[in-house]
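Worksheet: the structure to be examined is printed underneath.
Going in written order, the chains are labelled A, B, C and D, and every chain counts its residues from 1.
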């Protein structure tokens, strides 16, 4: 275990990164954006070091992703390094990710050298300063997170002021590295709590984090957006990213749109999961994303095995097919959604950005509910925002809480939700309706009892039922399923 | 027949998500649902270590159950302090657990036994089973309490 | 070996089929057509009996196709039953299909009972009378072939009069079975020689075979069309099928459109092959096909293993996704192609159908070149038809030989080909151009030296290069590749 | 340097596809190409058994090679009569084989030896290699023929 070895000086790490001769993630992203194609990246992380190396190599061989990931375990994310270290020793298979801090940077380098694709660290740490140092010492120059997006969905009681300060330190370090010639790709976790996140909530948080990151010296920013499930809305959200960058960021920052394949409740049957995976990948291409984070057909069951993970990568890569040039979203509808999204984001972020101290303004706005996210894991957001799907499946505000949206915007959302949900709902039925919206895809595929409107898809109406098959389809994920019968 | 119809006095439960786990959505929904059924829900939210559940028990001795969600696969490790808390009586009421209880897509039956061995009294798959279980626990508790009161 | 056992009486086979209680292929097709979805079917056949049963069961488990296939070996196809029997005994792995006649109907029943999906026999026999009897005795009620389409591409010197008579006998037998309540799905092999087949050649041959089949008593006809590679042209060809049926067939015949995923030279790299597989599947859905025959990522290498075959099925099934309702072809372009196709087919078939004896007229027309196919394997077609791709990738007539196409049609093709190929080609360059058209997909994916216009795709122009990846992609098919290095 | 430039007299070859094999496209293209290079091509087309190749050799004794394509994986079985035809002298000129020579997507090197053992003299991967091979065979033949003529 090399976890105890002190960190090397930054200059040494920079020299190591150079000597590695790997194409950096930032450059891969640029290459794909230029080509109008989507770089493909899986999530992957297991507790044991050898198991992790093997996993990366298997995925590289079988899935050929463009970027690979070290997904970090929950203990490490929350700074419970002792627990992570203990399990890494005793029972690494019980960890839901790779405890990088416990294993240490020398092992990080081993992982980095084991595969040709650049690595990214994906975690969920309100305070990632130590992990960032270990990552850089490992020669890893792509790092996910942000002071809002890695706090509110990932911890209960870390003050936003603290997480913003910790991430400012990370971003400053990126600035130092940039001066030494090493560009770190800093991905912002716009996915937030992943479930029914209104696009303007996701993008508003990312704009604020991006502004702070750019000020701290970050040169390459990936703005991640979670697929919501509605073609036009999702494509519009992705297309909004370069426009928002142009509006709110200095011109010399390299900004990438990144799509996270559907991050909410996944269908359980393999066929249905794979339909959703392909759908997400097509949306990424249509939206002009530089990168796509993939899911697997085992998503509903648990952390996927390598075989399922590789299959997800390969399926997603079909979206890069030169044969799919004829596939397009409804451009009119998409333009409409784009206009709405840009207006909403402006209404949410501009009052904050007008204030002299952006960090303080963010802290205050979340305390007041003028910034907010649904289903917060943290006490430091109010979660007064209540999302709903409209009749076409797009995510709207049933309640915008205290978000400073214009009367016009609010009226539109009211109208859209009403046309979807019928009359204004009462509490009991609200919970049921919300649950149905959360279970949108399992319901759409007919996996669960309630059979929703199969037309509600956001594309041109499609009146065909999914499977004209009377034979029951076999149960999902290979070996998946739950032993708790 | 709802729980609160049986007992006009407000029944309460302690709810939370395991120590290393930030999955909030089911927690939000379960809290709302139990409240709409009349329960007083002490919701400790995400990332709640055993010690915090124990502290809540001390604060709310009338709580009928400690209901823990664990989604991220870490149930085993996150409940490592549960045996001590139960042995010391710091957590005296039944512990109910639900979620995605081990890492990986291929579940083995044995891990449920290991969780029970830690002091988990009931493992449920679906939160919809919670009201019925709570009613049953409530009835058992009264059945145990009555003879004792008579002695 | 049960091959020697005499055939059971037809009544017994009918009773057996009833007792099986399987959903017949014709009904599966109807169900999918109703639902606007595509039934998915692989090709599969190996020489050994146990190996065949295992293959079917593996594909059923891993791929869940709607219909399964017994692909017959080349010896059996050509009536070389002795050779097939010898190899079935000595070295079944050297057979490129299942020698059904050699194994016999009792084993056929074993295969039929081994899986839930209905089976189809796919072969390529100019004279399939015996094989048909064995199939029916095996309880198999879906049978591919036709007097033209299973002669010209599949043998050198069988007179058309003979193959038409043999297939008339098969089709009569279908009529008898229909009277006994057993509907046989008779698929016509419009794919022909598979390489650069102009849609109107494919459909004209199918119309003539369908007319003959209907007259002989066939009730359910599947018209197979081979994907050519151009979205609008292929979708139009599929959509033409019900229109042609309405025009040339009695109203009480059940007609299905079937797409064969690209049947020409397949790309060698797995990624590229999978792009083409998905493309074909989408075309099948957009064209309203009842069924899709799948290919695999090992197509360029040889008969696929079960794993690759199952992967092909699963990938193709993505086209049935309820999430892809937003995908549509260029409808204007498609309507244009449809109009052209219908006119050409009429010009080709109507002179033949005007004659009192259709079979005799077909024989004569092929002798004269008024009916013709490119690249004939048989001496009984002239192959004076020379196809070319136009600039958009659609298949046109460079030379229509003696096909009785109107001056207007011929002029259009001349214009279309010229705009594609530049000046009229000389002999040497013609061969090179033709080879490039044959290798269209490998070239499009950049697998071979010559780099063609990546925009030539038939969809809205798509100016993005395939893979912005500088790293070389690993070689194709898992374990594929040629030992002859 | 084209073959026909070396030899003004028309050179001829026998071409065909193996007995059980109906794959016609490569055969069409190879015939066209060799003709455009000046060869007289006796194209027996698809589904050609060894006996038919032998008959063509008898009819065209000046043929420089028998060129066989096999795509469907049946080369081995389809050439089973080749040893006899070679032994008897019915096929005296070199036999060139190309195509997809065994069943399946995972090829073993050994099957090529088995084909050579049957009497196949040259196995080519790419038809583009044919002209050069034919020229080489032509040169060897003349080299063999000349000393004999001198003796």
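Some points to look at:
Definition applied: a residue touches a chain if its C-beta (ideal position, glycine included) is under 8 Å from a C-beta of that chain, and two chains touch if they have at least 3 such contacts.
Being a predicted model, the structure only gives us computed values, none of them experimental.
Both subunit A and subunit C are touched by no common chain.
Fewest steps needed to get from subunit B to subunit D, stepping only to touching chains, is 3.
Averaged C-alpha coordinates put the centre of subunit C at 31 Å from the centre of subunit D.
Averaging Cα coordinates per chain places subunit B and subunit C 61 Å apart. For subunit A, the set of residues touching two or more other chains is empty.
Within subunit D, contacts with two or more other chains are made by no residue at all. In summary, the structure contains touching chain pairs A-B, A-C, C-D.
Those residues of subunit A whose C-beta lies close enough to touch subunit B in the complex are 74-75, 77-78, 80, 83, 87, 93-96, 124, 153-157, 193, 195, 298, 301-305, 308, 375-379, 383, 427-428, 431, 434-435, 438, 477, 479-484. On subunit A, the positions that touch subunit C within their shared complex are 23, 31-32, 34-37, 61, 64, 66, 116, 231, 271, 274-276, 278-279, 282, 314-315, 317-318, 320-330, 444-445, 454, 457-471, 473-474.
Partner subunit C is touched in their complex by these residues of subunit D: 19-25, 28-29, 32-33, 36, 45-48, 72-74, 76-77, 100-109, 111-112, 123, 125.
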